[in-house]
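Have a look at the structure that comes next, please.
By letter and in written order, the chains are A, B, C and D; residue numbering begins at 1 in each of them.
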Amino acid sequence: MLNIGSMTFNSHLFLGTGKYKDAKTQLQAVEASETEVLTFAVRRMNLFDSSQPDPFEQMDVSKYRLLPNTAGAKTAEEAVRTAKLAEAANMCDMIKVEVIGCDKTLLPDPVETLRASEQLLNEGFTVLAYTSDDVVLARKLQETGVHAVMPGASPIGTGLGIINPYNLSHIIEQAKVPVIVDAGIGSPKDASYAMELGADGILLNTAVSGAGDPVKMAEAMKLAIRAGTLGAEAGRIDKKFYAQASSPLGGLSI
Amino acid sequence: MLNIGSMTFNSHLFLGTGKYKDAKTQLQAVEASETEVLTFAVRRMNLFDSSQPDPFEQMDVSKYRLLPNTAGAKTAEEAVRTAKLAEAANMCDMIKVEVIGCDKTLLPDPVETLRASEQLLNEGFTVLAYTSDDVVLARKLQETGVHAVMPGASPIGTGLGIINPYNLSHIIEQAKVPVIVDAGIGSPKDASYAMELGADGILLNTAVSGAGDPVKMAEAMKLAIRAGTLGAEAGRIDKKFYAQASSPLGGLSI
Amino acid sequence: MLNIGSMTFNSHLFLGTGKYKDAKTQLQAVEASETEVLTFAVRRMNLFDSSQPDPFEQMDVSKYRLLPNTAGAKTAEEAVRTAKLAEAANMCDMIKVEVIGCDKTLLPDPVETLRASEQLLNEGFTVLAYTSDDVVLARKLQETGVHAVMPGASPIGTGLGIINPYNLSHIIEQAKVPVIVDAGIGSPKDASYAMELGADGILLNTAVSGAGDPVKMAEAMKLAIRAGTLGAEAGRIDKKFYAQASSPLGGLSI
Amino acid sequence: MLNIGSMTFNSHLFLGTGKYKDAKTQLQAVEASETEVLTFAVRRMNLFDSSQPDPFEQMDVSKYRLLPNTAGAKTAEEAVRTAKLAEAANMCDMIKVEVIGCDKTLLPDPVETLRASEQLLNEGFTVLAYTSDDVVLARKLQETGVHAVMPGASPIGTGLGIINPYNLSHIIEQAKVPVIVDAGIGSPKDASYAMELGADGILLNTAVSGAGDPVKMAEAMKLAIRAGTLGAEAGRIDKKFYAQASSPLGGLSI
């Protein structure tokens, strides 16, 4: 069970809605993933501009919680404005604060992310903050009252997986709200690893939408997240330098 | 589907039977794993010495294919003798050739492994050869006619996971028989990763029997293997150095 | 050549002065390192409290540029006060802003580091800012006018080396001032690697003072930094998935 | 000091002579490296076929020990024949047994390498065996009497560096003759790392000949090997999960 604000989810996977080749594939991938939360870029929608695509074409959005993000914002003010658009369109169960500070890496701006989170919390939003894996920044975001922190595994869309499991472990160890690993997941092993490290959930998009077979990959991610969750609960063996026989054979002879 | 010799399996997980804390936990872990193949050290059994433990206590072995291993053998001759014991006891659907060449790492002896494989094939056994991740050795084992090669991810019982995905990839790329990654798996992400690289199956023991909750970890491994299998079939995204937006925002404004 | 503010250095190594077993070992290690810059914690000195140790005992400090740090500060104000103490003692050629935000990881506080840097720049200090490897934060620090950024390879004293070469590469690629990799260096290979990635210098302490033979390790670090510097200038070969013969043998026969 | 057979070397670097853009660059790179041992493919030389290049053009070979290799051989017999050619040409202070078993990875054939080593030792050669990083194979080669083992860091010419430091550590820990890490070195950090792990020397070619500036890279490798050697002698700090202050500040206040 994953609790964010007043909401409770059985699924630990948040799925993005960008870059699918067609609406039908997206629909099937979303269903295969068993996600309960859909995320999308407000600026990329046809909320007020009908020339933009409808990311939910063919989908019954009433079955999902919606997590719009503020992608495209470079300042707190732009992020707040974007969030309010989503709310006005009645498409905002919670908001993902995403204030990009670097065009090449799409990594977030720590100062503007903090400011945007504070302002949106003051406005009553349920706020999830996309952040780098800076351990102290993740804590400062929690001190503003955010409902979840979303550290990146690696930059958006790179598929590089968890570059720094050390920082992620410290963020998780110190967290008082859910930690959703967001961005950089490339394959099922990455999703499993994040959950094994103790994350509470995963947000991903490109790893599924850009896969050869998005529907199959969506199911793979669903299973990987369950595997990692169970693995964390079960408690893995310690790593050792020298080998250890599965069946010690000392003193035996045939 | 995994085909080895004349046998066909739905499960891609082979599970060891050593080092569980009690028979009931082992039984439940085996069931949770949905494995169809049980592996065990012949020398560690009570085949002919009733003071040795019965690894299958409480279990209905008729429901499984049995894969005894020759652990304890340091030469081809010892391995052959051990295999024949298993066959005489009618507990040998296929044999895992395991000839250890180093007491500290429990890594296999390449020359004796090759010799043992040849001899057991001549005797009509279905042979699976435990090997290091030496790319050429894996091919030479296949040239002897083994029914599967079992390269280690890392040394037995270390839980270090896949140290050298490069060698594993080349073994898989060149393989003409199933590749079962055997030894060193520490957590679900490792099992998923092996399958994503194209392995045909996983053999593990300590990662489950030594986990805090072996039954839960057995289920985690089952799911991870399915996740990795689907991930390989789906085709993962390429890795990139620069970030790629999920929802490109070029030319948009609010 | 390394230029920071109005100073120019031949050496690319800044060496800390903490935790040596005795003053003589420290003196010899400093000399073996050929560093031109010594760094020390202002709060740990006997500037105004003679019960504190003198980190420069036996050393002719006039031969070095001094880089005091503000370790112990948890806010910008504390950092500024600490810097002024160093200046008042005439022991401050440049100041390393170090505002720790986490007692377990000793990772820096991004917001207070930014504020402290701004204030000290306004006071006319030559400012080097210790920071996490957050790519955007490193840029924001440069926008305040700092004379160098000092991203950590990994947390202070851990010896984990460069956990995230990706972020470090992006910081270096985008930098307009020198990048000094600070903290986490464990062995010579780490120092060489940082320079190969394009860093302008290395600050380290524990890797030398905590080594079995600090004097020998100081020399090793000096050589590793030269090796890495030359390596970066020379331009390394690309990495390849398939092998490439050193001496292609196509078409030859004996 | 590095002792192989009856020879003693101050340098721990063996340098290949393939693929330089011109003879002058090669000469300068060799001098900058301060190597005392040159290695070359016998089959690629103009020993008996004047249409082949002379790898030592412009060089005074009398200043070096020569380590021809048997590249191009796929069987022990071919390797022996190649070695004898080098000896007949009086260009063989020691022979590098190189029997390739895979065209894509250029990884060695373990069985033929063992056989070739035995035969050449019987003929009185000083034998250095190029091998994979298979721990048991490295020991078996030593049991035949080889004068050094040469495990690969990664496949020839890939520049992937040390993929499996675990196996390399075990080979070094168990070795009774010098361990020369051969193949796969990409940059100075890799050379330093190998020496830090306890290797006795490095053989490389492409990392220098294929660098943007081979002469500068040759010097970088020389320094990196010294850095790594000193680092191993000095004894590095342990790795830690939590940070450790360089200058503990407990109980202090300003």
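Operating definition for what follows: contacts are C-beta pairs under 8 Å (C-beta built on N, C-alpha and C of every residue); 3 or more make two chains touch, one makes a residue touch a chain.
What you see is a predicted model; the values in this text were computed from it and never measured.
S.K.: Please flag the chain sitting at the greatest distance from chain A, going by CA centroids.
M.R.: Relative to chain A, the chain with the farthest C-alpha centre is D.
S.K.: A-C versus A-B: which interface comes out with more C-beta contact pairs?
M.R.: Higher contact count goes to A-B.
S.K.: Round to the nearest whole Å and give the separation of the Cα centres of chain B and chain C.
M.R.: 46
S.K.: Just the number, please: Cα centre separation of chain A and chain B in whole Å.
M.R.: Distance between chain centres, rounded to whole Å: 33 Å.
S.K.: Give me the residues of chain A that touch two or more other chains.
M.R.: 104-105, 107, 155, 160, 166, 241
S.K.: Where on chain A is chain C touching in the complex?
M.R.: 101-102, 104-105, 107-111, 114, 132, 134-137, 139-140, 154-155, 160, 163-164, 166-167, 170, 173-174
S.K.: Under the touch definition given earlier, write down the residues of chain C that touch chain D in their complex.
M.R.: Touching chain D: residues 16-19, 40-41, 43-44, 52, 71-72, 81-82, 85, 104-107, 155-160, 186-193, 196, 205-207, 209-214, 216-217, 219-221, 223-224, 226-231, 233-249, 252, 254 of chain C.
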